[in-house]
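Each in C-alpha cells, the structures are laid out below.
In what comes next, subunit A is part of two complexes: it sits with subunit B in the first one and with subunit C in the second one.
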Partner chain A sequence: MTSIIELLLFPSGLFVLALGLAYEWVDRKLLAQMQNRIGPRWFQPFADLIKLLAKEEIVPEGVNRVLFLGLPVVALAGALTAALYVPLLGLAPAYSFPGDLIVTVYLLSLLTLCMGLAGANTLDRFSLIGATRTLTQLFSYEAPFMLALLAPALVAGTWQISGIVAHADGQWMLLTQPLGFIVAIIGLMGKLEMPPFDAPEAETEIVAGALTEYSGRGYALFRLGKNVELVVGLTLVAAFYLGGVLNPIDFVLKTGGLLLVMVGVHAVMTRMRIEQTVGLWWRYGALLVLVQILIQLVWKVAAA
Partner chain B sequence: MTQPIEKIETPKGERFIIPIGPQHPALKEPGHFEFTVDGETVKDATVRLGYVHRGIEKATESRNYIQNLYLLERICGICSHTHAMTYSLGVEKLAGVEAPPRAQAIRVIVAELERIHSHMLWLGVAAHEAGFDTLFMYSWRDRETVMDLLELLSGNRVNYSANVLGGVKFDITPEQAGDVLKGLDFLEGRNRHYLDVVSNDALLLGRIRGVGVMTQADAERLGAIGPTARASGVALDVRIDAPYIAYKDFQPALITETAGDLEARFKVRVREIEESIRLIRLLLEHLPEGELVARMPRRIPAGEAISRVEAPRGEAFYFIKSNGTDTPARVKVRTPTIFNMATVLSLAKGLQLADMPMILVGIDPCFSCNDRMVTVREAERAETWTWNELREHGIKVYQR
Partner chain C sequence: MSNLVDQITAGLKTWARVNSPWVIHFNSGSCNGCDIEILATLTPRYDLERFGVKLQGSPRHADVLVCTGPVTRQARERLIRIYEQMPEPKFVVAVGSCAVSGGVFEGCYNVMGGIDRVIPVHAFIPGCPPRPEAIIDGVVKLLSSLQSPAPVQPIMGPDGGKA
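On to the complex of A and B.
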C-alpha cells in the first residue's frame, strides 16, 4: 500500500508532476520578467498540459507506431522513477540503495535518449537534424555532468544519494568545490536544453527539433518528463552542493535560488551552435571537473 | 494498418535538403529556401520567391495618381513612407513641381524616423534568430518609442500617410518637435547600449564575428546594396550619391564597416540609427518656414521619370510612365531585397546550418515587397498539362 502511494501520489507520481509544472511556471515567469514581459499566469503550464492531452495525436506516415507512441511514456516513466531516489522537499528518498546515484543519473539521461530516438524514428528532416543534435549534446555534457555529481560522492565516500545528502548536511560544498558546482549547474542547463544550449530545439533553424512531429499526448508527456527532470536535477544539485536540503522551506529556497541563477544565465545568453556546445564541454567543462576531482583526491590522500 | 512506407525521393540523388519556408518559425514572411546539408554544413542553397505576389504594379494602372499613393504606401509594412515618397518624387518630377522646403524637411524627418524603427526592428529579429531573445524583447520595447513619435506626428504607427503629391499632409509644431527630441534622447542612450552589446557580448560575437564574410569585391559582383553592401565597405548610399529633397542641404554621413561579416552588418545598422538621430535633430533645429504643399495638376504630362530613394534596406527605385491622363501608364517598383538575395545564396555555402537564419536575416529581407513575378523552378522538368489532365491528376492525388 505504502509503495503504491509512493509511486502514484507522493513523492513520485502526481506530486512531482505538480511540482514540475510549478517549477516550469517559475522558470517562465522569471524569464518573462527578466525580458521585460509579463509572463504566464500561475496555472498556465497546467492549462497547456490539459490542452495538449485533449488534442488529437497525429502519427505521421513512415514511423514505427509502437516506438512513436511508446517513447514519450518511457521518457516520463524514467524521469518519475528518478524522482523516487532523490530527497524531494527535503524528505528522505522513497527508495535508496548503494549506488543509486548512478541509476538516477542514468534515468535522467533516458529522457534525452528517448527524445533522440523519437526524432530519429520519424522521416521529418527537422526531427532528424534535431535528433542528431540532441544525441551529440548528450554525449558532450553527460560525462562532465556525471563527474560533477560524483565529486561530492567522493567526498562523502558513498555513491548512495541519501548518504551524500547526510554528509552534505549543513556543509556547503559550493565553497569547497566551486568548479564542480559550476559544471553541475551548467550541465543541468545542457540536460534541460535551456538556452544557450538549446541548439537541439532551435526554433529558428529546425522548428522544434526532435519533437517536431509530436503533437497532443506524446508532446505533453515529453514536456512533463522535462519538468520532472528539472525538479530532480535541481534537487540533486541543491542537495549536493548547497549544504543538503533539510526541510520543505529549505528545499524551496535552495532549488528556487538555483533556478533563478539558471534563468538569469538563460536570459543574457545567445544560443550556441552545436559545435560550440561540444567544444565548450570537452575543452572546459570536462577539464574543470577533472581538475576538481584531482584536487579532491590529492587532498584526501594528503589528509589520510 | 499503416500505409506502406514510401521511399523519400530527393530530386537529385542523395542530397539531404533542409527546407526553410514558406512556413517556418525563422521567417515571418513567405519565402522558400532549400539548404542542401552534409551533417551540419551547408553545401548548396536555392531560393524560391513569389509567394506574396500581389499584382500591385498592374493595379496602379487602373487607379489615378492620388489613389496610387495610398496603394503604393502599402507595398511594405516597414518602409511605407519610403514607397509613398519615392512615388511622389517621381510624379512631381513628371509634373515639374517641387515640394516646398518645409515639406521636404518633414519628409526627411519621417523617413529617418522610419529608418530608426526599421533598424531597431531588424536588430530584434536578428537577435531572435541568434537565440538571444532578451535583446529581441528589449530592442522592440525601445522601438515603441519611435513608433509613438511617428504616431504623434502623423496619427498612425505603420502607414503614416505623410505624403501628398506636391508636399506633405501634416506640419510639425514646436511642441511636437520638443517631444520628438525628448524621444530621441532616450533612443540615443539605448542605441549606445546596443552598440556596446553587439560589439562586446562574447556569446553573441561567437555567433556573428567572422560568420558570413562578404568581401567588397563579392559585394560589388553580387550587386549588394544598402546596409548589407556598406557592411562590406562599399560606399553606396543614395542619400549621398544622388541627394534628393532636403538631403541636399542636410548631408548624412556615410556609415561603412570593412569586415563584411554579420557583426559588421549589426554595427552598420546600429550606427545608422545614431546618424539618423543626429540628422533629425539637425532638421528640427533648422526646419524651414513656409508652405506644406505645392499645387499639382490633376493630369500629369506625358513622359517618363525615375526616382530613387535610400530605403532602410537599400535603394528603392521607381519608374513611372505617364500618357498624359490622370492614370499612370506604367509604374515599375524595385525594392532592395531582391538585390541582396544573391548574397544569401552565395554566402550560405560552407557555413553551418545554425548560421542560416542569421545569414538570411542579415540582409533584412522583405519578401512581400520584392515579389514581382513568379519564376518557374527547374524548367528542365517542366511539362505542359491541359486542364483535364490537371483535373485527373488532382482527383488521383486526393482520392486516397
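On to the complex of A and C.
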C-alpha cells in the first residue's frame, strides 16, 4: 500500500509532475525577467497543460496510429521512471540498485528517442527535418553528458546514484572537477533542447520540429515529459557536482541556482546551427571531459 | 454527483482555455501594416506572456487564428486549410479593416472580401491598422465572453463561405 502511494503520489508520480510544472514556470519567469518583461503568471504551465489535454487530438493521415498515440505515453513513462532513481527534494531515491546511474541516463534519452520517432512517423517535412536534428543532437551530446556524470562516479567508486550522492555529501566536486561540471550543465541544456541548442525545434525555420503534427494530448504529454526531465537532470547535476542535496531547502536552492545559470546562457546566446552543435560536443565537450577523467585516473593511481 | 463533476471539469476547461490562448498569425493578403502591429503586440513592450499568449508556428498547437488582410483568391485555399488543420476548439480573430470587410481592397478583381467570406469569424477588430491595445482588447473580449453564459458564436459572411 505505502509503495503504491509512493509511486503514484509522493515522492514520485503526481508530485514529480507538479514539480516539473513549477520548474517550467521558474524557467519562463526568469527568462522574462532577464528580457525586461513581467512574465507568465504562476499557474501558466498548469493552464497550458489542462487546455492541451482538453483539446481535440488530430491523427494526421499516413501515420502509424499505434505509434503516433503510444509514443507520448512511452516518453512520459520513461521520464517518470527516471525520477524514481534520483534523490528528489533531498529524500532517498525510491528505488536503487548498483548501476542505476546508467539506467537513469538512458531512461532520460528515451524521451528524445520517442520525439525523434514521433517526428519520423509523420509525413510532414518539418517533422522529418526536426526528427533528423533531434536524433543528430542526441548522438552528439549523449556521450559527453554520460562521461560528465561518470566522472563523479569514478571518484565515488560506485555507479549507484545513492552511493555517489552519499560520497558527494558536502564535497563540492564543482571545485575539483570544473571541466566535468561545465560539460554536464551544457549537456543538460542540449538534452532539454534549450537555446542555444534548440535547432531541433527551431520555430523560425521548421515550425515546431518533430512535434509539429502533434496536437492536444500527445503534445501535452511530451511537454510534461520534458518538464520531468528538467527536474531529474537538475537534481542529478546538483547532487553530483554541488555537494549533494541534503534537505528540501538545499535542493530548491541548488537546483534553482543551476536553473538560473542555464536561463542566463539561454538569454544571452542565439541559436546554433545543428552542425555547430555537433562540432561543439565532439570537438570540445568530449575532449574536455576525457581530459578530466584522465587527470582523475592519474590522480587516483598517484594517490594510491 | 456526476452533474457536479461535469460542471467542475467544464469550468476548469474553460478557465484553462481563457488563460492559455496560443495564437497563430496568418496574412491572407494584407498590406503588412496590420502584421507589423501584431508583431508589435507580441514584443516585450506589451508582454502578452503575462496573459499566457504564445505565438505558435504550427496550426496544430494553436487555439486562436489571427488573420490580417482581405482574402485574395490565391490565399483562400491556404486559409481554409490552415483553419481545418487547427484542432477544436478554435477561434478566429479578424484584425484590421481589410479583414473585417475587404477595406480599401473591396471590389478588386482578385479579392474575395473579408475573412468571414471564407471561414467563420469570432471577433472583428477594426482599424487601419488597429493599435496593439485594440488587438489585445479584442482578444480579451473574445476570451472573457467564453466564461459568460452566452459565449460569442462565429459568424460567416452573407454568402456563407460559398464565394
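Quick notes on this one:
Methods note: the second predicted complex is superposed on the first by the 304 of 304 C-alpha atoms of A that agree within 3 Å, B and C clash if a C-alpha of one lies under 4 Å from a C-alpha of the other, contacts with A are read in each partner's own complex, and residues count from 1 in each chain.
Everything that follows uses one rule, which is that a contact is a pair of C-beta atoms (placed from the backbone, for glycine too) under 8 Å apart; a residue touches a chain by one contact, two chains touch by 3 or more.
This one's a predicted model, so the numbers in the text were calculated from it and none came from an experiment.
Contacts of A:Tyr214 after superposition: subunit C is touched, whereas subunit B is not reached. Contacts of A:Gln35 after superposition on the shared chain: both subunit B and subunit C are touched.
Of the two partner chains, neither subunit B nor subunit C is touched by A:Gly256. Of the two partner chains placed by the overlay, neither subunit B nor subunit C lies in contact with A:Gly279.
After overlaying the two complexes on the shared chain, residue contacts for A:Ala47 are found with subunit C alone; subunit B is out of touch. Contact with neither subunit B nor subunit C is seen for A:Gly163 once the two complexes are overlaid on the shared chain.
Of the two partner chains placed around the shared chain by superposition, neither subunit B nor subunit C is touched by A:Gly13.
Contacts of A:Gly70 after superposition: neither subunit B nor subunit C is touched. Counting contacts by the rule stated earlier, residues 35-37, 126, 203-204, 207 of subunit A appear in both its interface with subunit B and its interface with subunit C.
For subunit A in complex with subunit B, the touching residues are 34-37, 61-62, 65, 123, 125-126, 129, 132, 195-196, 198-199, 202-207, 267-276.
Looking at the complex, you find that subunit B touches subunit A at residues 1-3, 5-6, 8, 16-19, 24-26, 37, 39-40, 127-134, 137-138, 141, 201, 203-204, 206-207, 352-357. Interface of subunit C with subunit A (complex): residues 12-13, 15-17, 19-20, 44, 47, 49-50, 52, 56-58, 60-61, 63, 85, 87-89.
Every residue of subunit A that touches subunit C in the complex is listed here, in rising order: 28, 32, 35-41, 43-44, 47-51, 54-58, 126, 203-204, 207-208, 211-216, 219.
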